[in-house]
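Naming follows writing order (A, B, C, D and E), and every chain is counted from residue 1.
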């Protein structure tokens, strides 16, 4: 492996999903096999490349690839530990979602378009993860908006279109605010690469007000995707998209892009010291805490499964923000690891919701009575993921909440601990009734629209397999959190690097 | 001992290292096993057997895990698994009262879970990332942590005022489930209190007298409340509340410097109560289901008498030992040891009253079943054998288990016997008096539905609202405005633009 | 003093005619008044030491524009009465225009009385231009690029007109006018030739000559004389663009001729050939202008199959 | 090289008039060659610096002045390339659109007039160029036949009126200073009532011709009525001509005080254009009107940038101005071609015709969306680059919060109208079936400029460098 | 001298007024044809302004000197441009009249 070749690795990772996506666009509707083959080929190649990169980054290497773009801001792809966290998450979940989507959309129209945009979406996400400075980040951030829009409106129904409009209205406004903020910051300090500890410290005393403004603008921009409180309106509506899309949107692509951006912004652009000097962390933390509670509170009243999950996402993603905003190493571990854990858990929940919808035609919570008998595997997965969301050990959710709690105490934010406890209560309050309905209530009548998708299994195997895979992951990530391959240990590595820059 | 710290988190491990754990492990697992054997026949005909066994197994596993845990997180995992799976046992029957009780149980269990979580976090960060018991015991406590721990674990242990779920959940659950709930799971909470709050901590010392008061109150409250109910399992549940009051006293005493002396008594009390209460719950299950021959009453009276602390029973030994502990432990002045002893005697009187009341209610239950409800069959015998097994353990325990043996032997002195007996005699007299005079409270005082259920329902409505406040949607129709504006637009573009140029010329010149 | 009086009279008449043309009730009156205005304007320019411009204005400004306007009036079919305008519709523009006029007067009257540096420069360079008349020199040498573009504008107007021109309508003409016009034609050609030739050293030139020719051709054409004079005739097309073609050819030739120089200069005539080149250009420009102007006035849709199809479409859409 | 750039289209146009049959071939050939030459010229100028000519070598003042700086060269290149592209499109769709033979010479002449305009630095010559441009444009609009006549006539009348305003200004200047070349005027320039008024007159005339708000009334009807390739050319190029002259006037002629005084007016007009144009585009029920109103809005960016440039005198803002123009030209060409293609195939000019177009004509829709992305200013597109430069320029001025926020608002509006179309295209409920099977080549041709405008961002550094070198 | 400058001023004012009259006609005149006429009046006004300005250099005393030839050339160019544009506009107008004649309900400009 020559270094020359290695420097192209980040690009290759992006291309591994982009190229299949572009080719898929050109395919005809009937070329199912070819399309599936292309998809899977892309996934496999990406996973292999990511694995290579992972090994190298673990050993301390940093990948770097750049092309000239704006003056003072090249288009940089950079593979460091933090970006790899997100890359691994998105590639693995892409694999799961691709298989799921193939099963889910069997025999539905316009699949070439769907899978094309699907791949684009993943490429944008991976690009976002790998982007090495703010301008590149901005670029992929906007591309992500564009690539996901067709997926949101894929069904083409009036509701889907309304949701798409709203999605665009929010995300484009967010993108613009981000652009304004990035431009402001660029005019102050240019846009160098992300580095642990940030790069604004030189001008903190000189331009404090402008830096605060830039931070505010960028947080507002990122907050739209991360569904921070006043900017969350698009997320519950966007759930009209097909289940795999919702899964990807909520678990990997869109909301995580926002959260990831906040992480980058706080740690690698502003840096902990500057954040403290500028007193930016506290408001962000409070905002995120409010979002946590608000999202949970709103989830309580939702009668649509996916809508409830959507509000849950609003709440859960803000855990990441809170973890980041507390500015302590333990809290950072919690926030970062929640990025992964929440992704896996939420994707499982959406897979389950999709299974119920696809197999039984169930969309409302009160139609779920007794579904545990009809679809035990799905229901087990749902239960595991729901418990994880509440933070019951030994699931993955517990680990992240544990570290967040530790971080809150370590940074003297006992209030946040209260927030976590209360939000846990709320989580339980909206998840456990569903679990109760699944297992303890008798079936209330015929299923709204039942389909036999498999002779032996409860539903199509392609719908089951990814879901079981992620459900097992939830447990494994929780139980073996301390082992070397777990997300937790990787985040600890990141945090070590982030907090020991000086 | 299995060391898992390399695999899991630092300090992770399983093992029965201390005596405490060993004892807890033995009696808990024993009770679980007997309950399981009992269930084999008792639950044979119920629907949803698979679900029952699943949750039974899960909570069993959780209970065992938490006992064998060598670190806080393993304990917490076991605790969570146990309490959440027990929900399945509580609501097993699926009828309305079971669902209500289950709801309350779950609400409180989750709450307790999260309080404990908060306590754990506080503790873990104080312990600087170490999770094993040994390191935790070195770290001083603070009041918040103590409060959170007591609240979180107390919700499982079920002493007053955290008992509210007990009288609802126990009657609703199937008999074997109630047995383990009351026998083993409550004790899990107690174990937690002992493990999380190590003795000798200066901050903790301040809590001791209040906890003793709380224990006494709980003991008295449980009995008095039970007298107002006529359902045997409710009475048994309140009995648990009462008995846990004593356990709490013991736990509180164990927090003092005198821990070494207190711990054996605590262990003995826990084990004894677990076995006896298990037997009673199982018996009440049989009793509720079919007409029993008269001699089967023995299966009730033996554990009941043991709990009433009749001489020669384990209960007697423990009560005596408890009384002794009050004098040996240094307590604040206002807690006079004589007064405490008196209170204990009063407690014995009350306990006796409770069981006499229970006996009467059990008889009533039998009578209501009518004569023809089945002859003794194999299943009944099987179940009776299970109860008998527990009773045998109960009889055997004070004389075979070394710490308890010492205590038992000391109760054989006459003064002690007298001290133990007079409350019972008094109770008998009291009951006789009441029967003779037919004293009764007005009927509406009996079997009242607990207001707790209303609270639980209110809470449920709160967290499962049908609708929520939403921002009012601004529905302004701009279309007429737009039309009006469109009408304003000139239809003659050329003239208008030219005029505009002239106007602009004038305006801009003026502006300049 | 009498000259001033004459000037005042002239200006007053001009203003009155313009105002009347703008304010008149009927369109046809407006056009007639405008033609009168154009003629008077030519007179004014003659008074202002610009005889060549006066000639052009008379031919182009008054004559051709008037003819065009009348054709348009005729083509418009029935004469709709002008819609009456409300008081506000007239008053507000008037107010603003008056204010503007006031400002404009202020500006115009403070213009310096002395001319700029260019006239002297022109005189200075006149010798090198190849012609003796300074206006022609400016037009075809100093600012020949303007002139090239101007020819292009003319051509473009023709192209545009042809595009929207209606299909030809044949009407019979008076016998009398036909014979008169036949008499007129040679006279006009001779006159035009003279003007053209005179352009080199005295008032006159390509445009005036072209306009005159065009005027003659229009009269003939209206009397159905010059039937070959239509866009579909390739020779007509050729001559319509001949002015430009020759101009460009001349430019290129001149450029190639001076190609030996290190830095070839665009549009520069070799001094020794300038006179001939300019004359050549003028001749062809005159022809082109004449044909173009004629076609502008009597424009007919070129009957290509495509355009016919379009017209049918249009009519179908109308129905 | 310069001469060929002018002579080639002219000669081609003349030949086309003689032999209409080979017109398309000639037009495409000349456009192709011109593109190549323009590229050469751009490279040459960017290497060797600005070139200045006095035509025919006469002394300064007497001769018409030409100047080829990087900006002019870029614009020449843009003109030629778009000409080529639109020519291809027109060729590809000639059978369907029944585009008359008249299109080809007119398009070549358009190229010629624009090239002449970009080069000229003589006020009167610019007037002739403007007139030429206006006539070509109107003639092109009138190609649509009956429905286009009225808009074309309005366009022509207003254009003439604008030209006359401009001419009056020129005459006043000539009366005062006795010269016409910009360089000569600059040396004698004094800010006084006369120059103020002349500038004002010329500016208003040019604004009318460039359809800058509030003088844009004629534009939507005219651009919407024209055939698709013509609309593309009009929106992309023709309105930029007067804008270019406007910039020349204000950035070179006007003194600092004059510029400062007018800056807020321009900026305000730009902002108003962005808002009103955007709003109208959002509300209009017709597809091409939407794109036309979008032109009004996007010209607002240029006006805004001009105003801000006058105010802050920041080279980055100047670069932003022309980046806006370049990006808009490419994007708008793509938009018009795509919309034209879709309206043509789906049969209808209402926006609702585009329902479900993402299924029936994915390529054209994609082209529209991609071009729209640049109009919005999504990275990495040309529009983004321009916005970035503008923002950078603004942020460099301390404490300027109003303008960036206004810019954000305006951008949102443009996003709203672009995605209004896109969302409609994804409507699967009741898609409009095409009248005949869609042609692929025109759709690709529509996509090409859209892709080009995104590729612009990759050459951002050289572009910015080119434009910032420019002192104009 | 006085006479020269006063008649110069007179012509200048007349030219300006002509422009104003034309502008007024252009704004108000409801028919397109009248607008075209008005445009021609404006251009006539402007050309007259140019001619007057050219006349300045002729001067009262130096009759032999010619007027400013550059301005004259510009006027000539302008005239041709104006007539071309007018012709085109009239052609358009004619076409418009033909198309609107069939549909009288359409409001004329």
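The rule is short, and it goes like this: contacts are C-beta pairs under 8 Å (C-beta built on N, C-alpha and C of every residue); 3 or more make two chains touch, one makes a residue touch a chain.
Composition by chain, UniProt nomenclature: A = Multicomponent Na+:H+ antiporter subunit D; C = Multisubunit sodium/proton antiporter, MrpB subunit; D = Multisubunit sodium/proton antiporter, MrpD subunit; E = Multisubunit sodium/proton antiporter, MrpC subunit.
Please read all numbers here as calculations on a predicted model, not as lab measurements.
If you take subunit C and subunit E together, the chains in touch with both are B, D. Least step count on the touch graph, subunit A to subunit E: 2.
Taking each chain's centre as the mean of its C-alpha atoms, the one that lies farthest from the centre of subunit D is B.
Contact counts per chain pair peak at C-E. Here A is the chain whose Cα centre lies closest to the centre of all protein Cα atoms.
Rounded to whole angstrom, the centroid-to-centroid distance between subunit D and subunit E, based on C-alpha atoms, equals 29 Å.
If you average the Cα atoms of subunit A and of subunit D, the two centres end up 42 Å apart. Here the CA centre of subunit A is 72 Å from the CA centre of subunit C. The geometric centre of subunit A is 39 Å away from that of subunit B, both derived from CA atoms.
Subunit B has residues 494-495, 498-499, 502, 505, 509 in contact with two or more other chains. Among the residues of subunit D, those in touch with two or more other chains are 62, 124, 128, 131, 135, 138-139, 142, 146, 149, 154, 157, 161, 174-175, 197.
Each of the following residues of subunit C touches two or more other chains: 93, 97, 100, 103, 107-108, 111, 115-116, 118, 122, 142-143, 146, 150, 153, 156-157, 160, 164, 314, 318. Pairwise, the chains that touch each other are A-B, A-D, B-C, B-D, B-E, C-D, C-E, D-E. If you check the complex, the residues on subunit A that touch subunit D are 67-71, 75, 110, 113, 135, 138-139, 142-143, 145-146, 149-150, 153-158, 160-161, 164-165, 168-169, 172-173, 175-177, 179-180, 183-184, 186-188, 213.
Across the complex, subunit D meets subunit E through its residues 62, 124, 127-128, 131, 134-135, 138-139, 142, 146, 149-150, 152-154, 156-157, 160-161, 164, 167-168, 171, 174-175.
Remark: subunit E residues 19, 26, 32, 35-36, 39, 42-43, 46, 49-50, 53, 70-71, 74, 77-78, 81, 84-85, 88-89, 92-93, 95-96, 99, 109 touch subunit D in the complex.
Across the interface of their complex, subunit A is touched by residues 356, 358-359, 362, 369, 373, 376-380, 384-385, 387-388, 391-392, 395-396, 401, 404-405, 407-408, 411-412, 415-416, 419, 422-423, 426-429, 457-458, 460-461, 464 of subunit D. Looking at the complex, you find that subunit C touches subunit E at residues 1, 3-4, 7-8, 11, 14-15, 18-19, 21-23, 27, 30-31, 34, 37-38, 41, 44-45, 48-50, 52-53, 56-57, 60-61, 64-65, 68-69, 71-73, 75-78, 80, 82-83, 85, 89-90, 93-94, 97-98, 100-101, 104-105, 107-109, 111, 113-116, 118-119, 122, 134-135, 137-139, 142-143, 146-147, 150, 153-154, 156-158, 160-161, 164-166, 205, 207, 293, 296-297, 299, 314, 318.
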